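Below is one structure, written out as C-alpha cells; comments come after it.
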Amino acid sequence: MTELSAIELEDVVKEYHSHGEVVQAVKGVTLDIPEGEFFSLLGPSGCGKTTTMRMIAGFEAPSKGLVRLLGQDVTNVPPNKRDVNMVFQSYALFPHMSVWDNVAFGLKQRKTPQEEVKRRVGEMLEIVDLAGREKRMPRQMSGGQQQRVALARALVNRPRALLLDEPLGALDLKLRQAMQIELKRIQREVGITFVYVTHDQSEALTMSDRIAVMNDGLVEQLGGPHEIYERPATAFVAGFIGTSNLLTGAATGGELKIAGGRVLVPGHDGEVTVTVRPEKITIGTEEPARESSAVRGTVAEVVYLGTYNSYAVRLADGAEMTVFQQNAHDATATAERGDSVWLSWRAQHSYVIGS
Amino acid sequence: MRRLTPYLLALPSWMWLAIFLVVPMAAMASVSLQTGNAIDGFAMTFSFSNYADAIGAYSPQLLRSLLYGGLATVAMLVIGYPVAYWIAFKAGHRKSVYLFLLLLPFFVSFVLRTISWNFLLSDNGILFGTLKDWGLLPADFHVLATTFAVVGGLTYNFLPFMILPIYVALERVDPRVVEAAQDLYATRAAAFRRVVLPLSLPGVFAGVLMTFVPATADPINAAILGGTSNTMIGNIIQTEYLTNLDYPTASALSFTLMAVLLVGIFVYARALGTENVLEAAAR
Amino acid sequence: MNPLMRGMTQPRTRRDVFRLTGLSAAGLALAACGVQGQKVAPPKADAVADYWAKQTKNGKVVFANWPEYMPEDKGPLERFKKDTGISYEYKEVIQENAEFFGKADPVLRAGQPLGYDIVVMTNGIQLQHMIELGYVVALDQSKLPNFQANAGQKYKERAYDPGNKYTIPYTSGVTGIAYNTEYVKDDITSIESLFDAKYKGRVGMMSDAQEIGNFGMIALGIDPEKSTEADWKKAGEKLKAQRDAGIVRKYYDQSYIDAVSKGDIWLTMAWSGDVFQRQLAGEPVKFIVPEEGGTIWTDNMLIPKGAANPVDALMLMDYLYQPAVAAELDEFIQFVTPVPAVQDLLREKAGTAKGAAKKALEEMVDSPLMFPTEADYAKLRSYTQLTTQQEQVFNPIFQSITQA
Amino acid sequence: MRGARFGDRLLHLYTWLVIVWLSSPIAVMILFGFNDKRSKSNTTWQGFTLRWYGELFDIPDLTVALRNTLVIALVSTVITVVIGTMLGLALGRHRFRGKGVTNFLVFAAISTPELVMGASLLSLFVSGNVPRDANTIIVSHVLFSLSFVVVTVRARVVTLDPSLEEAARDLGATAWGTFRQVTLPAIMPGVLAGAMLSFALSVDDYVVTSFVNGSTVTFPLWIVGAVKTGIPAQVNVMGTLIFGIGVLIAIANAVATRRRT
C-alpha cells in the first residue's frame, strides 16, 4: 500500500481492574486504516468496539500495544493533542452554548483567527443545513438537528480522522437512512478518514469501504462489505451479518450428507461448517438436478415482506432453514404452510467457513 | 387536573411560608415603623426615621458584616469547589459516603464544636502552645479574637452549604461533554473553564446564596471567635432585641440587612448574566 | 378573637389562601396589638393579701431554673416532696436572662401563663423589666419563715427589690478580677491593673453593659448605685481609652473563664463561682475583689404572673432556706449562698468526711469566693438602678464600646 | 494521562484534608469524653477514664434533651423534604401564577436573621394562643430548612429531561408510579442533599429553638445553659456517639455499595 496509514493499532489491549479481577475489554487488536477510508467497527454491544475507538481518540490509554496516527506514536498523547475528532453517541453537545458556539469551540481552542472561525463555522453550518439556526440552544433542537450540530462541531476542525460512535442510533428509520447517505456524501466531499462504530450490520454494509467485525474483544474478520457478507470467516460473522443457514457435518468426496438431502462442497473432506444465504436458495416442488445441493423439508412459516417472501422450512432432523424468494412475477407464494418442498442451490453458493 | 398540579405541589409550602413567615414579617415591618419603649409601649407612628437612625448608628457593623460574609463566601468557594468536583466526578459509588462525612460534624451541636475550636486555637493550647515552645511562633501570636478567626469560623460553619449544591450541579454534568471538549483540543484546564465551570454555575449560585446570606447575618461566630472590633450586624440586632428591648430598631435593622442582601444577590446574579434574578435566586 | 385565629377557623376558598397580601394585613393587625406597653403601679398591700387569700395548695410545683443549678439526684427537691407531699417538675430551661426575657415577654404580655411556678433570674435589666411590667407575683411575706430566720441580712436588703416584695435570692456571686497565676506574677489588688498597658491585649472585660459600666465607675471611684449620667459618660471615656489602647482583647460573656484559665487572657473581670470551680479543678486562676470594690449579683427566685401553683411555689422557695437544704445546694453550686449558717454546716461535714471529699469541703469552707468575709462584703457594690429612660442613655454609652 | 491521574490523587487527598479539618473539633470532643475530670470544667486533661460512658444516662434532663433533638430533627426533616420537594418540582418544572412571589419568599426565608425569625414566630404563636412545645419547634425547623431543600431540589429538577416522565407514562405508569419510579430517582441526589442539610440544620439550631420551645429542651439548648457552670463529660460522650453512629452508617453504606457492584 502506497498511501500513508491514517490510523494504526498494533496489538492493542485494554484491561480494567475491578475488585481484584482483571477484565479484558480489548484483547489484542491490530488495525491499519488508510487515509480517506470509511472504516467501520461492527459488533454486538460489549464486544470492545467503543473501547477501541476511545483508545484511538485518546480517552483510554491502552494497557498494551501502540496507537499511531499518520505514522506517529500517540499512545500517550492526550485527546486534545490528537488530530482526530469524535461524534458522540448522545452527541455530548455543550448544553450551555448555542449552536454557533458549539461548532466554533474547537477552532477557538486552537486559537484560529476570528475571521477564519466565522467563515469556517458558517460554511460548515451550510454543509449540514443548519444555516440560520446559529443562535439556537441544543435543547431547543430535534434529534436530527443535534446530530448534525455534533457532526459540524467535529468536521469544522478538518481532523485527519473522524470517529463516530453509533451516531445515528437515536434517530428514526427514515432519518437514519437519509443521514447514512448524507454521511457518505460528506465523507466523499471532505475526503477524510471516517471510523464508524455501529452494531447495525446494514448500516455498516451500506457505508463502509472496509469493516472490522469484532466479538469479545477480538477482530473476527476484516474486509470489504462484499467479502464479509459472502465469505464470512467465522460462524459468528456469518450469523451476525445478515441471515445465514449454517449446516455442519462430515463431508466425503465433496459431498455433505444431511437429513433429507445433500450439500455439494467440492474439494472438501472431513468436518465442515457450510453457510448458505437464504436468497441463494430456490424453493420448489420438483426434485432438482444432481448438480445442485438439495434438501427436502416442510414449510413451517411463510412471511410476506413485499419485495420478497421469507420461508421457514423444517428439515427431517428438526433444523430450520430460511429461504427468501423474490416476488419477481406475482405476489402468490410458491408454497403454503405445511407443503412438502425441495430446497436447492448451486454448488458455488455453499461457502465453507474458514476456507 | 394538569393545570392544577403546580398549585397543588406548592400549596403546603405556601401555607407554611404564608402563616409562619409572611404574617410574622408583616408584623415585624409594622414594628419597625413604631416608636416607644418596652415599658410604656410602642405606637405606630410611621417613623421611617427608625431606618435612617439605625443605619446611621450601625453602618460600620453592617459594612463589616458584608465584608466578612463576602470573604467567607469566597473562601468557601475556593475551598469547597475542588471537594465538590472530586466527589462528583471521581468518588464513584462512594459519593454519598463522602458527602455524609463532610456533613457529619454538623450533627454534633455547634456549641460543642465551638468549644473545641476555642480549645484547639487557644493561644497556648495544644497547637500554638506547642509551636511556641518550639520557637516556631512568636509568643504573642494568636488567632482567637481576630478578624481571621471570625471569617475562618464562618467559613468552617457554612462550608457544607457551599459544597452540597455545587456537588448537586456538578454531579449532573455529563462526563462525555467534558470528553467532547478535550476531543476538540481543549486542555483539561480549558475544558474545566469553558464547560464544567459554566455548567456548575447554578450550583455555585445556590451555594453562594445559601452561605453568603446566613454568614452575613450570623451573630455567633463574631461573639465567640471575635475580638474588640469584630462585632457584626447580627450581634447588634440581638442586643437591640434582647437586651435593649428596642424592637423597632431591631426590626428596622433586620429589614435593612435583608434588603441589602437582596440587592447584593441581585447584583451578583446580574454579574453572572442571569436574566431573571428571582428565578436564579431559587435555582 | 384575633385576626389570625379568625383566619384559621373560618372556611376559606383557595383564592384566599393565595392572597398573601390579605394575610399580611392580618399580620399588621396582629403587630398593632402585639407590643402594647403596660407599666403597672406596685400592687397595694391589701391586693396582695387578697391574691394570696384566694390561692390554695395544689400539691405540685413547676420549677424553671438554669442547668447545673441543682444536684443531679435532685436531693433538695426530693426531700421537699417527702416533707410536704408536693410533687415537682424541674426544668432546666433558662440559659440566659436576656433570651429568657425575650421569649417570656410576649407570653406574659398576652396575659398567658408561662407554665412555670418558680423562675430564677439574675438581678439586672431583665428582672427589673419583669417587675416593672407586672410580670411578677408579689410575695406573701408571712409565708417565708425560713427566709426570715436564715437569710443573711444583705440578702434581705437588696436595692433592686426592697423588702423582698417580689423575689428572694437563690444564690449569689461576686464580680471581681480573676487572673492566671502562670502569667501574672504580681499580686493583683487594684482594679487599675485592668487598665495597665503592661497587660496590653491580655485583659478581658465583660460585654454586659451593667457589669462593664460598674467597673468603669468603680475604677473612677464612683459608687454605681449613686451614679449620674455624667458619671456614666466619664466611665465610658475611660473604658474607650482602655479599648483604643489595645489593652482589651475581647468583651466576653461567660466564655471569659475558659480564656483566662487557658491563658488566652491573663486577667479579666470575673464571676466568683466560675473561678472557684476552676481552682478546685487545679487550674492556675485566682479571684480577688479589687480594693476599690467589686459588684455583687444575685440569682433570684420569683413567681411569674399567671403561675398555677403559687402557694406550693412559695413553700418550695422558703424550704430552700432551711440551712441543711441550702448547704446541700451550695455544695453543688459553689456560688455564694444567701444562708450564712451553711458555712458552719459544711465545716462540720468536712470534719467527718475523708480523703478528697474532705479536702474539697475544707477548700469550700475557707474560700472567700463562697463565703466572703465582712471586709469583702464591704467592698461590694450593687448594680445601678435605672429607669427605662435612663437605660436608653446608659446602654448605648457602654454598648458603643463593647460592640464597636 | 499520567498527569491527570496524579491530579486526581491530589484532589482525593485534599478532600480528606477538608474532612479532617471539618472533623478536627470533634476529635477534641471525643478525647475529652474520656477525661477523668474531677471538677465541673472539662478543659484540661486529667487522665483516662471510661466512667462517663458508664454514667451516660445519669443526667435525665440531658438524655431527654438528646432524644427531643433527634425526634424533632427526624420529623421536621421528613416534613421539610416532602413539602420542599413538592415546591422544588413545581418551581423547576411548571409555570404558574405566583411563581415570582414564591421565589422571593424562598429567598426571604433564608435571609431572615435567625433571631428575628424566632422572635416573630413566638409572637405569632402567642397571638394565636398556640402552646409552645415540640410541635412548634418542628414547625419552625421546617420553616428555616424549607428553602434549602427547595433550592437543592429545584436545581436538580430544571435539568431533568421531561421525556423521561413521558416515557414512563407511555409505558402505562400512573402519575404516582411515574413520580416514584422515574422522577424521584432522577432528582434523588438533590433530595438527599436537601435532607442532609435539613437534618443538620435542625440538630444544630439554637437561636430559633430557644424562642419557640416552651418547656421542651433540646440538646443545644441544654448545653448552652450548662456552659455557665461547666459542661458535663456526658455531653462529649453523646456527641461522640452521634458521630460514631454516623461514621458507622457511612462505613456500612460504603460496604453495601461495594457488595452491590
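So that you can tell them apart, the chains are marked A, B, C and D in the order they are listed, and the count of residues begins at 1 in each.
Note that in this section a residue touches a chain if its C-beta (ideal position, glycine included) is under 8 Å from a C-beta of that chain, and two chains touch if they have at least 3 such contacts.
Which chain is which protein? Per UniProt: A = Spermidine/putrescine import ATP-binding protein PotA; B, D = Spermidine/putrescine transport system permease protein; C = Spermidine/putrescine transport system substrate-binding protein.
Model, not experiment: these values are computed from the prediction.
When you average the Cα atoms of each chain and compare centres, the chain farthest from chain A turns out to be C.
For the criterion of most C-beta pairs in contact, the winning chain pair is B-D.
Legend note: the chain whose CA centroid lies nearest the centroid of all displayed protein CA atoms is D.
One finds 34 Å separating the Cα centroids of chain C and chain D. Averaged C-alpha coordinates give centres for chain A and chain C that are 87 Å from one another. Chain B has its Cα centroid 56 Å from the Cα centroid of chain A.
Each chain gets a centre from the mean of its Cα atoms; for chain B and chain D, those two points are 16 Å apart.
Residues of chain B found to touch two or more other chains are 7, 14, 19, 22-25, 27-28, 115, 119, 188, 241-242.
Of all residues in chain D, those touching 2 or more other chains are 4, 43, 98, 119, 123-124, 224, 227, 258, 261, listed in ascending order.
In chain A, the residues touching two or more other chains are 78. Taken together, the chain B residues at the contact with chain D in this complex read 5-7, 9-10, 12-14, 16-17, 19-25, 27-28, 79-80, 82-83, 85-87, 90-91, 93-94, 96-117, 119-120, 156, 159-161, 164-165, 167-169, 171-172, 188, 202-203, 206, 209-210, 213-214, 217, 219-220, 234, 237-238, 241-242, 250-251, 254, 257-258, 261-262, 265, 278-279, 281-283. If you check the complex, the residues on chain D that touch chain B are 4, 7-8, 11-12, 14-15, 18-19, 21-29, 43, 82-84, 86-87, 89-91, 93-96, 98, 100, 102-117, 119-121, 123-124, 139-140, 142-143, 146, 148, 150-152, 154-156, 158-159, 189-190, 192-193, 196-197, 199-200, 203-204, 206-207, 219-220, 223-224, 227, 231, 235-236, 239, 242-243, 246-247, 249-251, 253-254, 257-258, 260-261.
Touching chain D in their complex are the following residues of chain C: 2, 4-5, 8, 18, 20, 30-31, 33-34, 62, 64, 66-69, 72, 90-96, 99, 102-103, 106-107, 109-110, 112, 115-116, 254-255, 257-258, 261-262, 273-274, 277-278, 280-283, 333, 356. On the chain C side of its complex with chain B, the touching residues are 4, 14, 17-18, 20, 23-28, 30-32, 34-39, 98-99, 101-102, 105, 125, 129, 132-133, 201, 209, 243, 248-251, 253, 255, 258-259, 262-264, 388-389, 391-392, 395, 399, 402-404.
For chain B in complex with chain A, the touching residues are 174, 176-177, 179-188, 190-191, 194-195, 198-199.
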